[in-house]
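These notes are about the structure you will find just below.
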Amino acid sequence: MATVPLISDDDISAEARAVFDDIRAVRGTDFINNFWRALAHDPDLLRATWERLKVVMAPGALDPLTKEMIYIAVSAANACEYCAHSHTAAARAKGLTPEMYGELLSVIGMASQTNTLVNALQVPVDEVFKA
Amino acid sequence: MATVPLISDDDISAEARAVFDDIRAVRGTDFINNFWRALAHDPDLLRATWERLKVVMAPGALDPLTKEMIYIAVSAANACEYCAHSHTAAARAKGLTPEMYGELLSVIGMASQTNTLVNALQVPVDEVFKA
Amino acid sequence: MATVPLISDDDISAEARAVFDDIRAVRGTDFINNFWRALAHDPDLLRATWERLKVVMAPGALDPLTKEMIYIAVSAANACEYCAHSHTAAARAKGLTPEMYGELLSVIGMASQTNTLVNALQVPVDEVFKA
Amino acid sequence: MATVPLISDDDISAEARAVFDDIRAVRGTDFINNFWRALAHDPDLLRATWERLKVVMAPGALDPLTKEMIYIAVSAANACEYCAHSHTAAARAKGLTPEMYGELLSVIGMASQTNTLVNALQVPVDEVFKA
Amino acid sequence: MATVPLISDDDISAEARAVFDDIRAVRGTDFINNFWRALAHDPDLLRATWERLKVVMAPGALDPLTKEMIYIAVSAANACEYCAHSHTAAARAKGLTPEMYGELLSVIGMASQTNTLVNALQVPVDEVFKA
Amino acid sequence: MATVPLISDDDISAEARAVFDDIRAVRGTDFINNFWRALAHDPDLLRATWERLKVVMAPGALDPLTKEMIYIAVSAANACEYCAHSHTAAARAKGLTPEMYGELLSVIGMASQTNTLVNALQVPVDEVFKA
């Protein structure tokens, strides 16, 4: 249960509905996941989050599947249960295979380990790494 | 300055030197960065970390540049200064362009934002996302 | 389910009961929330936590609602499910409106985003910001 | 040193300069801090970040000083050195007194402590806290 | 529910089964906990994680109970629900008393508090602490 | 440089001086490290932090060295540079050997890795682990 009731299609404000309409159009599905239904209490935050997400996750120099894997990595580091589920589902819909998922997890695990070792040891940055 | 002195090539144990030799051979360079010089105080930890890193970061279902970008994402979430520098340098050596870096940062920023919104709102996972 | 059984009023030690009595008196309610029932296994930790919380959250240079919003912000960053729920409830009891909550979430989201961008980019502190 | 060179006013692109111009106009100062000079490598990320920050931090249901304190709280939890310095400086410019800062720190410390106790104990959310 | 189905003994690959066999032999029990059943989708990650865990958690300069307490401390800081439960259970099996658990929690809480105070204040490291 | 000037012995308030006196007496040294000099701006926060630290870190069911190792573990997970340095120095003063430090780091690294794997996979807690 969220800290706010999830907004159903019957209870939504006109401004939030307009954002839901765009989410549906861009994604080609009628389904609106709970994250947007929680944000719909604040149409400005809902719109700003969606408008930016739409741009950020679109194909560009990086493909959408790579972007979803990066999203999963950050979400795991931030212990976000919802985000791990929703972005793993999104990655699968974009072609994540079991082999890719296994390697993604392996990199996430390796990075977490060496990040914390470095933060314990306080290793100074090599001069050669400075841009 | 680290919590331990960085081990120079002159002061290194035989077990740690063997790991340094393998790092040099695999990477094709004489340069050993400070992370390994800090770990060299514990040859077992040094060896285990390097042996696993070597496997995890090798080409597979994901290419090495994608793996470095995932590493950067986790390192940013974990506030690891050394790791941000060393893996951004590694990513550039593997072909990271400014356009890719900008998109990587954009996804990292977006994920951090929505992770924390979800963690504040405690959004329940949609049934459809459950595997 | 917690890693310890929650202590009921029937099973409580005399030292822990004294702390519960003070919580009830200060808050003007008979209700003791689960956090305190989990801490009650260690009366010293229970007392130290409550005695400090009582002082820290009291009105001062900052009003109690502002303090609750700061508490929510830290709890979201630390991915604490219980704390998000309990302090959002507390903030509402102290006057948090939907408009305030939306702005609070917006600041939390913005800060999380720029924190991680800075931690990825390792931006050096401007001289002018140093006290 | 950042992972990218900081962009000076002499090397900046036209799109990034337009954002800098707006930052200067809104803030009423010629000074551009390093965060924006690092983001200026990606004018889209620079613009999106600034446009959202400008809205989020403006006066609303919460006053700008309260927003800066919330920003400091999140930044401390995320171990962001730059952000701690820059937002503490911003908060002082908006009226943060030593008394307020002491109370802000006290709440941040208390929240961090209880967040981690709860995450260790895995305290279940009381029914009464569920919205 | 995990992002992958948990692998039962009936559906497991030969490589993963070999790891389960070793876990059972080392631990002297037929029980395999869910963490390993989730990792079993990637036998390489499963094996690497188990082989390293087996070494790291074995008696050495630190006894196994001390190691479990350190594991709980990191898990609490990383908001890992599963890890808090599984390692608290493991610590109890190795002799953790209520008194020890209370002190462990007290140190975890204290460290979390002062970590965040330091990260807010950005206290410079005393010269005397540098190795 | 901290966000506040460090308080010298010449500029200190009477209330803060009394806490410094107790720190000196308990520790048997005239040296006051920077953390306390930063907190000294708020004598109440200084006193509360010191009074609790003094109790928490004293010998009990856990010995002081074990407590310092737990403190290091939390500090590494929270990316606290100052804390990593100060508590590693404190642990050494209490008998931390290189072998113990290597094992401590190994456990910290292992826990960080499995925490993040679990947070990515969202592994459900086994029934048997529930208290």
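List of remarks:
For clarity, chains are labelled A, B, C, D, E and F in written order, and residue numbers in each chain start from 1.
We take it that a residue touches a chain if its C-beta (ideal position, glycine included) is under 8 Å from a C-beta of that chain, and two chains touch if they have at least 3 such contacts.
These numbers come from a predicted model, not from an experiment.
Under the touch definition stated at the top, chain C and chain E share these contacting partners: A, B, D, F. For the pair chain C and chain D, the CA-based superposition corresponds to a rotation of 180 degrees in steps of 5.
Of all residue numbers that take part in the contact between chain D and chain E, over half occur on both sides, making this a same-residue interface. Among the pairs B-F and C-F, the greater number of C-beta contacts is found at B-F.
Note: centroid distance chain B to chain C, computed from Cα atoms, is 33 Å. Annotation: 26 Å between the Cα-based centres of chain B and chain D.
Residue positions 1-4, 44-45, 48-49, 52, 73-81, 84-85, 88, 102, 105-106, 108-110, 112-117, 119-122, 130-131 of chain A are each in touch with at least two other chains. Chain contacts here are complete: no pair of chains fails to touch. Against chain A, the residues of chain D that register as touching in their complex are 1-5, 44, 48, 52, 55, 130-131. Chain B makes touch with chain C in their complex at residues 72-73, 75-77, 79-81, 84-85, 88, 105, 108-110, 112-117, 119-122.
Taken in their complex, chain E has these residues touching chain C: 79, 84-85, 88, 98, 101-102, 105-106, 109, 116. Listing the residues of chain D that touch chain C in their complex gives 1-4, 6, 31, 33-35, 38-39, 45, 49, 52-53, 55-57, 60-62, 66-67, 69-71, 73-83, 85-89, 97, 99-100, 102-104, 106-126, 128-131. In the complex of the two chains, the chain D residues touching chain B come out as 3-4, 41-42, 44-45, 48-49, 74, 78-80.
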